[in-house]
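Written below as structure tokens is the structure these notes are about.
Labels for the chains are A, B, C, D, E and F, by order of writing; each one numbers its residues from 1.
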Amino acid sequence: MVHKYAPVDSQQSPRFTGVKTFMRLPHVRTEEEIDFAVVGVPFDTGGSFAVGTRFGPEAVRSMSSLLRPYNPGLDIDIFAYCSGVDYGDFAVNPGYIEESYQLIEEQLAKLLKHRVVPILIGGDHSVTLPHLRAMAKQYGKVSLVHFDSHGDTWDAYFGKKYTHGTVFRRAAEEELVDPSRSIQIGMRGSLYGPSDLKDGEALGYRIITTDQLRQLTPKELREAIVQRVGDNPVFVSFDVDFLDPVYAPGTGTPEIGGFATFEAQQYVRNLTGLHIVGFDVVEVLPDRDPARVTSLAAANIAYEFISLVAWGKRANGGL
Amino acid sequence: MVHKYAPVDSQQSPRFTGVKTFMRLPHVRTEEEIDFAVVGVPFDTGGSFAVGTRFGPEAVRSMSSLLRPYNPGLDIDIFAYCSGVDYGDFAVNPGYIEESYQLIEEQLAKLLKHRVVPILIGGDHSVTLPHLRAMAKQYGKVSLVHFDSHGDTWDAYFGKKYTHGTVFRRAAEEELVDPSRSIQIGMRGSLYGPSDLKDGEALGYRIITTDQLRQLTPKELREAIVQRVGDNPVFVSFDVDFLDPVYAPGTGTPEIGGFATFEAQQYVRNLTGLHIVGFDVVEVLPDRDPARVTSLAAANIAYEFISLVAWGKRANGGL
Amino acid sequence: MVHKYAPVDSQQSPRFTGVKTFMRLPHVRTEEEIDFAVVGVPFDTGGSFAVGTRFGPEAVRSMSSLLRPYNPGLDIDIFAYCSGVDYGDFAVNPGYIEESYQLIEEQLAKLLKHRVVPILIGGDHSVTLPHLRAMAKQYGKVSLVHFDSHGDTWDAYFGKKYTHGTVFRRAAEEELVDPSRSIQIGMRGSLYGPSDLKDGEALGYRIITTDQLRQLTPKELREAIVQRVGDNPVFVSFDVDFLDPVYAPGTGTPEIGGFATFEAQQYVRNLTGLHIVGFDVVEVLPDRDPARVTSLAAANIAYEFISLVAWGKRANGGL
Amino acid sequence: MVHKYAPVDSQQSPRFTGVKTFMRLPHVRTEEEIDFAVVGVPFDTGGSFAVGTRFGPEAVRSMSSLLRPYNPGLDIDIFAYCSGVDYGDFAVNPGYIEESYQLIEEQLAKLLKHRVVPILIGGDHSVTLPHLRAMAKQYGKVSLVHFDSHGDTWDAYFGKKYTHGTVFRRAAEEELVDPSRSIQIGMRGSLYGPSDLKDGEALGYRIITTDQLRQLTPKELREAIVQRVGDNPVFVSFDVDFLDPVYAPGTGTPEIGGFATFEAQQYVRNLTGLHIVGFDVVEVLPDRDPARVTSLAAANIAYEFISLVAWGKRANGGL
Amino acid sequence: MVHKYAPVDSQQSPRFTGVKTFMRLPHVRTEEEIDFAVVGVPFDTGGSFAVGTRFGPEAVRSMSSLLRPYNPGLDIDIFAYCSGVDYGDFAVNPGYIEESYQLIEEQLAKLLKHRVVPILIGGDHSVTLPHLRAMAKQYGKVSLVHFDSHGDTWDAYFGKKYTHGTVFRRAAEEELVDPSRSIQIGMRGSLYGPSDLKDGEALGYRIITTDQLRQLTPKELREAIVQRVGDNPVFVSFDVDFLDPVYAPGTGTPEIGGFATFEAQQYVRNLTGLHIVGFDVVEVLPDRDPARVTSLAAANIAYEFISLVAWGKRANGGL
Amino acid sequence: MVHKYAPVDSQQSPRFTGVKTFMRLPHVRTEEEIDFAVVGVPFDTGGSFAVGTRFGPEAVRSMSSLLRPYNPGLDIDIFAYCSGVDYGDFAVNPGYIEESYQLIEEQLAKLLKHRVVPILIGGDHSVTLPHLRAMAKQYGKVSLVHFDSHGDTWDAYFGKKYTHGTVFRRAAEEELVDPSRSIQIGMRGSLYGPSDLKDGEALGYRIITTDQLRQLTPKELREAIVQRVGDNPVFVSFDVDFLDPVYAPGTGTPEIGGFATFEAQQYVRNLTGLHIVGFDVVEVLPDRDPARVTSLAAANIAYEFISLVAWGKRANGGL
């Protein structure tokens, strides 16, 4: 492959200039000659409390201007090993969940057919269901690595099956993921009842709560994940409310007592070597993010995802 | 009637105290012994651009603490002539428009059956359709007096018929309103095409654009309205984007070049004597209202609505 | 007099530099060789709704950096005719109204003894009572010219006589002002009862409501004021809620339907030739002023006050 | 007891709907059939720096909508063991400390007489004095467990004995608390002099500074508290400035170098088994809380308090 | 010409989706087959007070999503008559004015050579100098139509000739504009001295102050402009501080007493028929624009500029 | 020396009163009878991304009102051992780096000649170059102790040698610092390439990255510093982006994964006993600091610097 697509050189034009694409990547709607594509999924009809994550991709792109191509945490010069674009946003139908699910799935399928690794930026967590539908069609049942303060395995809200709180029950029911090879990490906060956490386990997921994670080193977490997912194709879903509300106030359902970005970076960086086929980072709500720390954090999480793609390329003789 | 329900006395407990109800009215879910009920309709799935008006009722209630019971603009001591409550919010099903429409219509019907005048606080403008459905069931085809920068008579968004931009086409099609006895006031802003305004007229509405309204005195506007609606039952719908964005930045689709609150007060106060059977004020989006001027304006518009109810009571021997 | 005190030259150091004094005036606690003194009165215990005007002087000073010494509206080069300082803030005792009243009165008396014209920056409107007490001791009963959306002539709040809402009743009772030679301008907004406005008139004040003022030109307002106050010593009190909430969101009890800064400038500039012995501008609440427009407006109002001092000096052969 | 009062079911109406009460509890002014009552104490005249905590109860109620009835941290389903209401706010007299103290004490006494555990939401810290007066009348000298960055044991501000900085000196002098069985936790920040901390100890309190607390585990802190208070009736007072300013920017006198919400949760959850008869959480200042993290934190602290009430009920055979 | 470039169809993908370009135009760096190009000029080193207008283009693009292709004010369906792109931003060298001037001039020259009408979005007002340099090279001395609260004809700041306050003196000295066929509109605010306004007139400009403009109808202003500029090539420069600070708080040097967007729209729409060869709108400072009204206003001003381009095309048989 | 200058007594006038100087110190432009001077350096033309740090000194002064004279962390009553003033701001020439460098150097030299320890408050990090130029002239090559997330040792931005990102390369080249006796602490975040960190080491600096620092105790960091700087004169430069973005959102180029204020306090307090001759704290950008936590943190860092001055005085028999 010719490594064709890389960010604008910040020594030629300052980082604050230009139409805002993720990390100043070229905005090209192509599936060719790329290893990854950053895609906005500005859908927020699935939100149960505060809404407005449809503006998440814009905010994340804006703060991503600060990212530079060499990641010292993984000692990798990203674009020496891979090529990627800002693919723009998927079309969605605001106010209509099922129609939007279909639109998202179709558009994502096109990328997956070309074995492009998608870096999807929500939108609320309801979009992960069409992400997983497209994944499963391409790769079969995937392993889920899910960072979140909520398990999102409720059965329904107000009688409705599709919301940002029911995604991973649906994913299990629809056999998009293999819960027995999946893991949910970071659950905390008040619940509707004692069964809420057990429900996730009943579906087959392994759950590591915030209280449990605080007892683990990043390496130990990595081991727990590796043990769980093995060499199965993996989808990583990162809800910014995994972070503490001071690191991610701009989100729909914040829960106090969460993690710092420093910790999240460590956890994500330790996913090297997994067979990851897709990522999403969701629930950035810019209207509740006055100091922009949430979109800055999400941009950095997406950057770690891209770094993992590059790491995989290098490991497999990507150069 | 015993005039039972009136605001807490602000000489007994300061206006900043207490669980926030509209204008410090008692929060009672009753249809009895009241002339009006203030009701929140926190539904925002119909919004096409910025969303979050589900928090509109909370914000409007908060700023309404500043309202006092005597309206010098209409020289009326409201609770000498009428009784009212904060009824709370209607239940809605976020993310599901048609289900929510049904819920809203049913809950509103209960109030209308008791001839209570509802003062409905949105929510995005899509909620006006179930408001009108309930109205039409109770009163037959009503006259619409509609303050807005947009006509909201588009046919569909992305193939879908129910959004905040299609309400008054649906209302005409469903024969909930009589367009030939209705009026839309304040249209302005860029359009998708030259037919956009003509569409409303083709449906039968009379339209007074912002440019035209600037040529009229409040009295002349009143005359135009009276001529149009006669003694038909009237529903008044006030979208806060009728106001200029500096008076109402907290809204989903602001349009520059709009009206001041001073003007809006004059227009609404001149609706005395109409046979008004219901009101709504919609599209308050608190997350985009950092100085709270939008919710303050909306609280005052709702207050003028209540004053009109009291005025009607007095005119009809309400004492 | 040697004209000693004038702002720092903005061609020598940019306007954003330096410890923030009003209009970049020297901060000197002197009563000598000055015509006016800008003084902060950071007291807000008298506020009945939103509080925090203790930070008003700081915010007004910050935005006053933008002011330049020549006022084209009055065609006057201020420091060609007068000398002034930023005197700093009066000491107050937060939480204790009567003690603070005494402190304020004593500190102000010192300035008045030297015939310095004070430009007082609140603080909430309760501080105008000690301002008037000091004024009356020095000058006898003064004429009040009062711009506000509220008359502030309530008798008591919760049984207490000293708050920001009772100041001008107290001032009349204590014979600090001569209501028969005083005027209140701009009253509007909902009231507790129909008697609220009549109360002010019963005390002897002339009241021009917002509705009435909208029918007058600035010249006609000037005539009404001149006719009322004659050549009596005048105290001008400007509550920023005279302005519409979009021009002054940062205030404790905003009322919609108010005036623009353009209008306020005209009204104040038309006070030339009156025998004004003191000014205050009150009720700036920075924590509710996210775009800083309120403190910018208040700084400009204070600037017009200073311009009036210079105008008087020039008229009386000040050069 | 019939367990009568519990939150609205969030599966019936979404959490963003309804008049905002704490945790969506019914707003009933009753002392009967309840174990606890959440009460707002919107008084802020005692604040020495930034003010506006009178809006604290409203902000805390707003964010408390996110709370769910099962607390996994204590493994307790709250309303299986207890009943509670949002009692509304106590009436206060803004600007008048001593009168407000009397009002607060009287209203609280009524609840205590019925052995209801109050969860009081300030307001500035000056309100804890009337809280303790009522407590002491009901229970005799109580033990204080006090989380704060300041000891609040100054003697006076500007000659005045009642402010938010003198509460716990007054409480000791008035013999409302037994300092020898009380503890102050979290003191840090610059002081007026080296004696400031020693003053608290001279009054008899045990003080654990922030520096000391960082050396303790939550269990060790618990032991220190238990050892101190024994089985005495305990009042827990939590000033949000115990938290670091990034977790609680919305407060009057923030001090850097403080605790995370994660830590505070651990400390409070470890108070199980104490004989707690009342709680307050104070100093939430919404106008300085743009991302709402402070009110979210305070709502969660109050939630932990309620959980402790439920825990006590269960432990004593509450079911 | 084939009309090639027009906005994305908002019936296909909602207006909130996609990489943010002005008005959802394609982002293509071409000079071919276009009538106009929207270009960001993110340079702010020339600002004398608040800075940060380098983020102006991003903010204006964001709010421009709300614009639709038909302008009812001029009754024109823009893309029926013309083609245009979002050209992206010009490269600049932050911190280095003269180097940036050269960069801007060169990049703009390329567009002008193809007779593309540039719609330039600042940046601070210092960028208008290189705009005019490029204009003059292409078209000879142009006529300036300049909307602003400041004349920007100071000689120097701190000894330096290039800042946002000296642009139009430099432009006259460098013979880029013909002052005798140019006009400055809207000057107001305090000045450094009485000569400040006369200086502009001494350079040959006609000045219409804010006070004078308030006496003119939009038609009368048009006549004054037409009389001045005749059929000379015109450059229109619009500083958002022409607007009142409530309409444009997000700017470096706001002046109270300014114009509403309604008025500005009228003034700009009345420029039809002039031979306009370029436009800029400058001084949008997003960090001081919490409610985004400034960037919304600027987006609309740029939209009126584009509409004038289309109007000219239609008038000249553009179809 | 007579210890002449100390803060206003906060028992006499509340901390929120008065013209805002750092820590309520007297604002006197003297070099006599003082041990330290707090100086604002409001220059921000060197910023490569977000700008506006010219308002940093104002914001830091505002929050510094909260500081009290006894520092329990170092057990020192500052003004028992030293005297200091708020010297105001240095004059700068915005938009002109080299001219401003010269101005800053000259003004600082005057203080250094009197052996006053400067506490300099930026401004962006580009100002540290003139700080070091003045230092080197007075003291010879100094040792640098540099807290930052960036090394600021790039060679140039867009061909220009003076920006906030090139300062410490210039300082080495100009032989202002002795890199072999200097240390840079806290580097993290994405880079332009793998050589970025090595570049600093190639210049001779020792670098302790964030990842490395997390493995050290404050004592161990102290040892590393002491070993490096010995008894050489030391200049301490603290960029607030050393802190995590949640502690310092108000800065130009935030990097996630940083330090808490608690940690920064520990690191700075452990600098006792070094021969420190000057300090700066830079990169506070108030327009991006909505909760004011950044300026609060910076004020506290400056306070620790002053405490170190006092500690030194005490150690050397300062009393």
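Heads up, the rule we're going with is that a residue touches a chain if its C-beta (ideal position, glycine included) is under 8 Å from a C-beta of that chain, and two chains touch if they have at least 3 such contacts.
No experiment lies behind these values; they were computed from the predicted model shown.
K.L.:
How many degrees of rotation carry the C-alpha atoms of subunit B onto those of subunit E, rounded to the nearest 5?
P.N.:
Angle of the fitting rotation, subunit B to subunit E: 120 degrees.
K.L.:
Report which interface contains more C-beta contacts, comparing C-D against D-F.
P.N.:
D-F
K.L.:
Where in A-B, B-D or B-E does the C-E interface recur, with over half of the contact pairs identical by residue number?
P.N.:
Comparing each option in A-B, B-D or B-E with C-E, the repeat is B-E.
K.L.:
Roughly how far is subunit B from subunit C, going centre to centre by Cα mean, in whole Å?
P.N.:
38
K.L.:
Using mean CA coordinates as chain centres, what's the subunit B-subunit F distance in Å?
P.N.:
56
K.L.:
Can you list the subunit F residues in contact with two or more other chains?
P.N.:
12, 14, 16, 48, 50, 54-55, 93-94, 157-158, 246, 288, 290-291
K.L.:
Can you work out from the touch definition every pair of chains that touches here?
P.N.:
Taking the chains two at a time, the touching pairs are A-B, A-D, A-E, A-F, B-C, B-D, B-E, C-D, C-E, C-F, D-F, E-F.
K.L.:
Which part of subunit E faces subunit B closely enough to touch in the complex?
P.N.:
The touching residues are 10-12, 14-16, 65-73, 75, 77, 246-247, 260-262, 265, 290-293, 296-297, 300, 303.
K.L.:
Note which residues of subunit C are touching subunit B in the complex, please.
P.N.:
Going through subunit C, the ones touching subunit B are 48-50, 157-158, 188-194, 196-197, 209, 211, 214, 244-246, 249-250, 253-258, 288-291.
K.L.:
Contact residues on subunit F for subunit E in the complex?
P.N.:
44-48, 50-52, 54-55, 93-97, 99, 157-160, 162-163, 287-288
K.L.:
Across the complex, what residues on subunit A touch subunit E?
P.N.:
Touch residues, subunit A against subunit E: 12-14, 16-21, 27, 40, 42, 54-55, 58, 61-62, 86, 88-94.
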